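Next come the structures, one after another.
The following pair of complexes shares a single chain, subunit A, combined with subunit B in the former and subunit C in the latter.
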Partner chain A sequence: MTNAVRGRPRWGAVARKTGGHLVRGLVMVWVVATISFVIIREIPGNPVLGQYESLIQKGMSPEQAERATAVLYGFLPTGSLWQQYLGYMGSLLHLDLGRSLSTPGVEVTTLIGSAARWTVLPVLAGTLLSFLLGVTMGVYAAIKRSGKLGDMLALSGSLLHGVPVYVIGLLLTAIFATLWPILPSGGPVDVEFVPGLNPGYLGSLLQHAVLPVVTYTLASYGGWILAMKSNVVAVLGDDFILAAELRGLKRGIVFRYLARNAILPLFTILALSIGMLFGGSIFIEEIFNYPGLGLLLVNSITSRDYALMGGTFLVITIGIVVANIVADLLYTAIDPRVRSGGAA
Partner chain B sequence: MKRLAAIAALAAIATATACGSTGTTDTATAGGVYTTIDGSKQINASAPINPFNPVGSVFSGYNGMALAWPKNDPIDPNQYYPAIASSWTVSPDQREVVIHLQPNARWSDGEPVTSEDVRVSIGLAYTQGGTAYALDPKAAGAAADIQVVDGKTIRITQGANRSSMFLSNLLSTVVVPAHVFGRLLPGDFWSTLKLAQTGSGQAAERAKSRITGLAEKVIGFAPPHDVSAGPFVLERVNPGAALLRRNPYFYNSRAIAPDKVKVLNYTGNEQIWNYLISGRLDNAPFTSVPTAVMERIQEARGSRVVRGYSPVSTAMAFNQAHKPYDNAHVRRALAYLIDRAQVTRIASPEGGTPAATTSGIHAKAARAWLGDGFDRLDPYRVDPAKAAAELRAAGMVLRGGKWAMPDGKPWKVQIHVPASFSDWVSAAKSISSQLVDHGIDATVVTAADYTLYLGELADGKYDVGFWLIGLGPSPYNIFQRLFGQANGWQMFGGRLRHVAPGTEGNWMGGPQVVDAGADGRVDPGELTARLNFASPQEQKQIVGVLARIANQQVPVIQLWDYVNTQFVNTSRYTAFPPDDDESLRLSSGVWMQLGMIKKRQA
Partner chain C sequence: MTPTTVTAPGVRIRDLTVVYKTPAGELPAVSGVNLSLEPGTITGVVGESGSGKSTLALSLLNAVQPPGRIAAGSVEIDGLGDVLTLGGEDLRRARGRQVGYVFQAAQNSLNPLKTIGKQLLDLGRSHDVEDLRGLVRDAKELLARMGMDGARVLDSHQHELSGGMRQRVGIMLALVLNAKVVVLDEPTTALDMITQATILRIIREVHDERSLTTLVITHDVGAIAEVADSLAVMYGGRVVEHGEVTEVLGAPRHPYTQGLIRAIPRLSGDISEARALPGRPPTLGTLPAAGCVFRERCERRMAVCETDEPIPVFRDGRTVACHAVDHPLALVKRKEFA
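Coming up: the complex of A and B.
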């Protein structure tokens, strides 16, 4: 078999593989939906009392608190667990996730859709930025590993990898939003700007995204740089690199060989990270008041909003399952060894 | 890489442009933008502009209006400032209330505010239930009849089972425009309501179901835009803030200084602290603040703290169904061992004052209710000798410097608190440390969240836990926290019953009848229920008896009384309410309605 034939994708096999992935993915979604349905209804606690007491603590009179609580929790699901489960699955087949308890009268899909918008911007931008930065710096750290630059890059990765995301977030907030207030830290955009494609609104959107994106980038950068450095160092010792150097290939071409082979495992992690973004980043969203999916999930758990909890879990699950499938297919596309079904 | 660099450069330019335009938005006007937060709820941009929705984009005092606003009176819950109602008259027994509306009140679309608006608002309130608008005719304080006298006057009559809170509950009614919300009530609503209240049998039950069945529709109703009778009207809302602009039709528009109000959202107290430290907020309602943060807030230019009465106290409550807390001597002993001043200093130095004693009432209200009687209550000053005597009277034994149960088994005091309440956790730690110093093995156990905490508390799983008490100004609300549902007394259909400890939410597990010394044998739950309809003189007498019972029986140890700590910033606006003002617990929007808050002149 020639190299050209070996490199061509076998579409029948790819389609079979994709079909298999989809079926497994659907089964996985059903299993997770079932498990989360049971688990969230078994969470201990009294949401009605919790809501009433919280409102009192916020200064509401007992009468007002009682009214508000009665309104909120007048629609708790009824019937046996089995009946509720059948109803839930029936609705799910019609893509109906139900109505929220904590935001009465509003569909769960509306809330998730609204939160997803605000999660995607900081987390996706942060993931991609940290990936680009980490991978590039990782290659340099590996090549210059015996020099000061390499040491410093590796040290920066180790340090940032060890600092929890909330510490970075709080530190950046303290510096850039409180001590030296040049960047906003509350909310995704200034409400004074009319939403739309106008410079003021877009500028405010970007301005508000700076701190969350930088926090996410710094928090994830360490992992990427360390992984990339280690991969590059491993590849540097491979025979094909030695052969390329001995054949006198240009440095740029050798660098491409190197990067392409070292980055392969990181693509899988990147695809999974993008899938995970639907889980939001709870700490970043909390610190910067970014109303994303992570915050939505936490609030739904606190208020025991079963429909919203189930819906959010489901979206996160689907995100991860889809990311897994994409990662697998992507690997097939970019790695000839996998595409040919055996060793290169 | 070049493409990436170009994108990064473009993003940097856009950000720089945005940074440059931060202070010059399209809303910079003469009256300025007043920035605040809503202490009662977080902003939910997906929620409708509907005051019946608990998270709706309606902000009390700004674009949300009630008939009147409650004053922060320590003992009289019927003291109100006029709002949509300019005045009201009430018969001495509160059987009949006549409400007169502001003659110049208009909605933000120019329509006049009429009695029909109030009538529709009351109709909608019936779908949600509530004290004054209960469908059960036997419920205490339920309205029996609503009559429109003329375009600006409405008469409301109380049912046979009277409540002294009737006026207060009526005046709290939120008013919405009939021409927007009226369509939610079916044509036969009022006849259905009559049938539900006065009918019998299945027809009455069906009528009740029809009315309560409207609740979800009312809550979910989303008007396309805001129509407000308040000083402001909602312009737009996003997850970070709500923007309200001035309503030119507001009946007292001349009193309103700001052109716009920005209500910022928050996910936790830390964000409010950051807003305050950076001087962004013109006002923030009560927020729990540690001393170090308070110092930094006060360093902000124009920052000021206004303090006033807050009718809430924190207490450590006992489950009297569990030994040895069924014994009043043990509870009293613990009260003699806890240094409340030290606990308050550690847990809530800015937001609380140490409880002068345990009476179930905030000290300010207690003085007003009890007069000299307050000083005659046992103050429970720290006294280890008295504590030891009480423990011995309970049969507890001291072995090797440690107190043990009467049968010699170890006594372990577990104090439960929700992990998310840092002040309660600090207080519990301080108490456990003090008890350990006095030979009592005490530990703090935290629950993951408040919902879990209250669930386990109600299930009777805790021996000792923290509990809010003294919810004034209504005396019924105050003592209902000690001798109400949590302690076994339940009011259902106008009838009071006592349930056994450990059932139906009775986690305090106290006895139904107690020996109240000179007051004889007393059913404190029954006395508490009587506060609902007693005359002011009778109320005073009952409050005296219940305060003495709380002091002698110690179902809870009152730790500290809350202080309403408001933050204001006078850099942009002045004329904020002074310390202890009766309007302090109301929103800035109400302060503006009352003629406060003026633009600072350059």
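Coming up: the complex of A and C.
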């Protein structure tokens, strides 16, 4: 009966947990890097060897061709699989992902870096906006679930959740860029402005971001509102809410009890979807011609740019692995039941 | 602790009917219940699941949850008036401040994300307690009174406390604002025997110290025998027998009470001596529309039981609602009882 422990976080345990996560995360990244190495090496037609051989046919000496190919792919095209693998891993440790084929000579890391900028803005803004909107509306949908407003909100969630993101995107483009042209239909920014912190450039940036952000928000809003609604309904049925009311707690306090308990599971999903944003949103970037990571991945696949493909995969993996760790640590910080490591 | 010179309030439940909305229409979970809680006493209410006892308990705080609705009756509490006419802020202030409510132990009546201390402060702020330090001091004293380290408990989250500890925290939260009427819904369910005995002893002691008027809801006849002064037996949403606890248990008059007591296995003697009541308790949908609600399971069923609902009759300190219980003709017509 007196097996209770203090309600304080045990930071030693948290540090150990974080360490464990980091080790597991590194293993994950290593596994994905290995798989993408093997795939690139083993695809029919072997682009690495193909490149090497075509360079020799162009009259290069084997040594030159080897070096040129190594520069392209970040690992040696000849030698045993093991030697190539070790070479690839070695350059990975130096954060060298090789050079792009489709944009000759440019390092993959540079390409990914510049694409990431264009992904983070619309996807992050869209994720956060849809989260805030969906969660707020979800609470109303749950509280008013026996009324018209609740029905409407839940319906809006199901509807938007069901419509594919490219349909929403195309619809919005058709309306706001074609029928009633108040917004640009594509591209990240107008070229006439000088990049920098000047009002013209920033204004154009925002103007171009509106449609992608709104599309992304509408596409993910449905999931949030439905999840939040069902969480709130579940917590409403919990005894501590009725108990709080029977103790005469103020409505605002009861509401906070309700909201905090209902939103808790959503934080994990939020952290994960922020991790996913490094995958970009292929449809949105394609529709709005936004040069983000999703578009980069698609282009690397269509142009058989294997170094770029491998690099993009790796970045997506790292994003998700890191998001997983963050989600777990976040949970430790906000849920006391997880914090003290005991079963509830 | 705050000196308790105020005498315990009495509670009078009159003609209380609570209905639940179902696809088959509104069905009564509690129908026409009359029950008085004498000031300063512990009244036990026993009954099977679905007998309406929890609904009755919630009515004392005008807190019947939808799809339920209080259709008729009144719940008069001294110093507060008819609770059923209260609403909004008046009702909220009465809850916790004047009427304390303790939930089942196994259920979680505490916010899992906040420490007990923070929830105590939420309670204080909700009831405009100005001296929050005093409130914490009172809470610690109450917890110590119940055999716990107050400071440590206030610093804990719900999941760090055992069932018995949670239950005592629930009692503390119901009493810390000095409520004089306390309702305990299944206070010992899902606790082990030793903890049950401890909680019952605490209920009795705190009740006496603070001169409360207490209502204990349970399905455990053994538990109620130890703690209550008077006992009401509920069946099918009606109080079928009510009287002093030793008398009701020692010489039950209503056939249902008799069956209920026969069903308890004795510590000494063969377990087969305990005989289960035949049949099953009625649900909202299977309650007969006319006549006695218990007749289907009654061994003393008569013709009149099919047509007329027995009227509760008060005699020799006991109220019984049964046609088969012999009572003087002069009293048959008496509808009211004390």
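One rule holds in what follows: the second predicted complex is superposed on the first by the 292 of 344 C-alpha atoms of A that agree within 3 Å, B and C clash if a C-alpha of one lies under 4 Å from a C-alpha of the other, contacts with A are read in each partner's own complex, and residues count from 1 in each chain.
Assume a residue touches a chain if its C-beta (ideal position, glycine included) is under 8 Å from a C-beta of that chain, and two chains touch if they have at least 3 such contacts.
Model, not experiment: these values are computed from the prediction.
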Touching partner for A:31 - first (subunit B), second (subunit C), both, neither | neither
Determine, under the contact definition given at the top, whether A:289 touches first (subunit B), second (subunit C), both, or neither.
-> first
Mind working out whether A:89 is in touch with subunit B, subunit C, both or neither, as first, second, both or neither?
-> neither
Look at A:110 in the shared chain and tell me whether it touches subunit B only, subunit C only, both, or neither; answer first, second, both or neither.
-> first
Please indicate which partner A:177 is in contact with in the superposed arrangement: first for subunit B, second for subunit C, both, or neither.
-> first
Applying the touch criterion given at the start, work out whether A:195 contacts subunit B, subunit C, both or neither, answering first, second, both or neither.
-> first
More residues of subunit A are touched by which partner: subunit B or subunit C?
-> B
Within their complex, subunit A touches subunit C through residues 1-7, 238-240, 242-251, 253, 257, 260-261, 264, 334-337, 340, 342-344
Which positions of subunit C touch subunit A when the two form their complex?
-> 61, 63, 65, 92-97, 101, 103-104, 107-115, 122-123, 125-127, 152-153, 155-157, 159-162, 164-165, 170, 173-174, 195
Under the touch definition given earlier, write down the residues of subunit B that touch subunit A in their complex.
-> 4, 11, 14-15, 17-19, 21-22, 25-27, 33, 39-41, 44-48, 52-55, 70, 128-131, 165, 168-169, 172, 215-216, 219-222, 236-243, 260, 262, 264-268, 270-271, 274-275, 277-278, 285-286, 310, 312, 449-456, 458, 468, 471, 474, 477, 480, 564, 585
What residues of subunit A sit close enough to touch subunit B in their complex?
-> 43-47, 49-50, 53-64, 66-68, 70-72, 74-75, 102-106, 110-111, 114, 118, 132, 173, 177-178, 181-195, 199-200, 202-208, 210, 285-287, 289-291, 295, 301-304
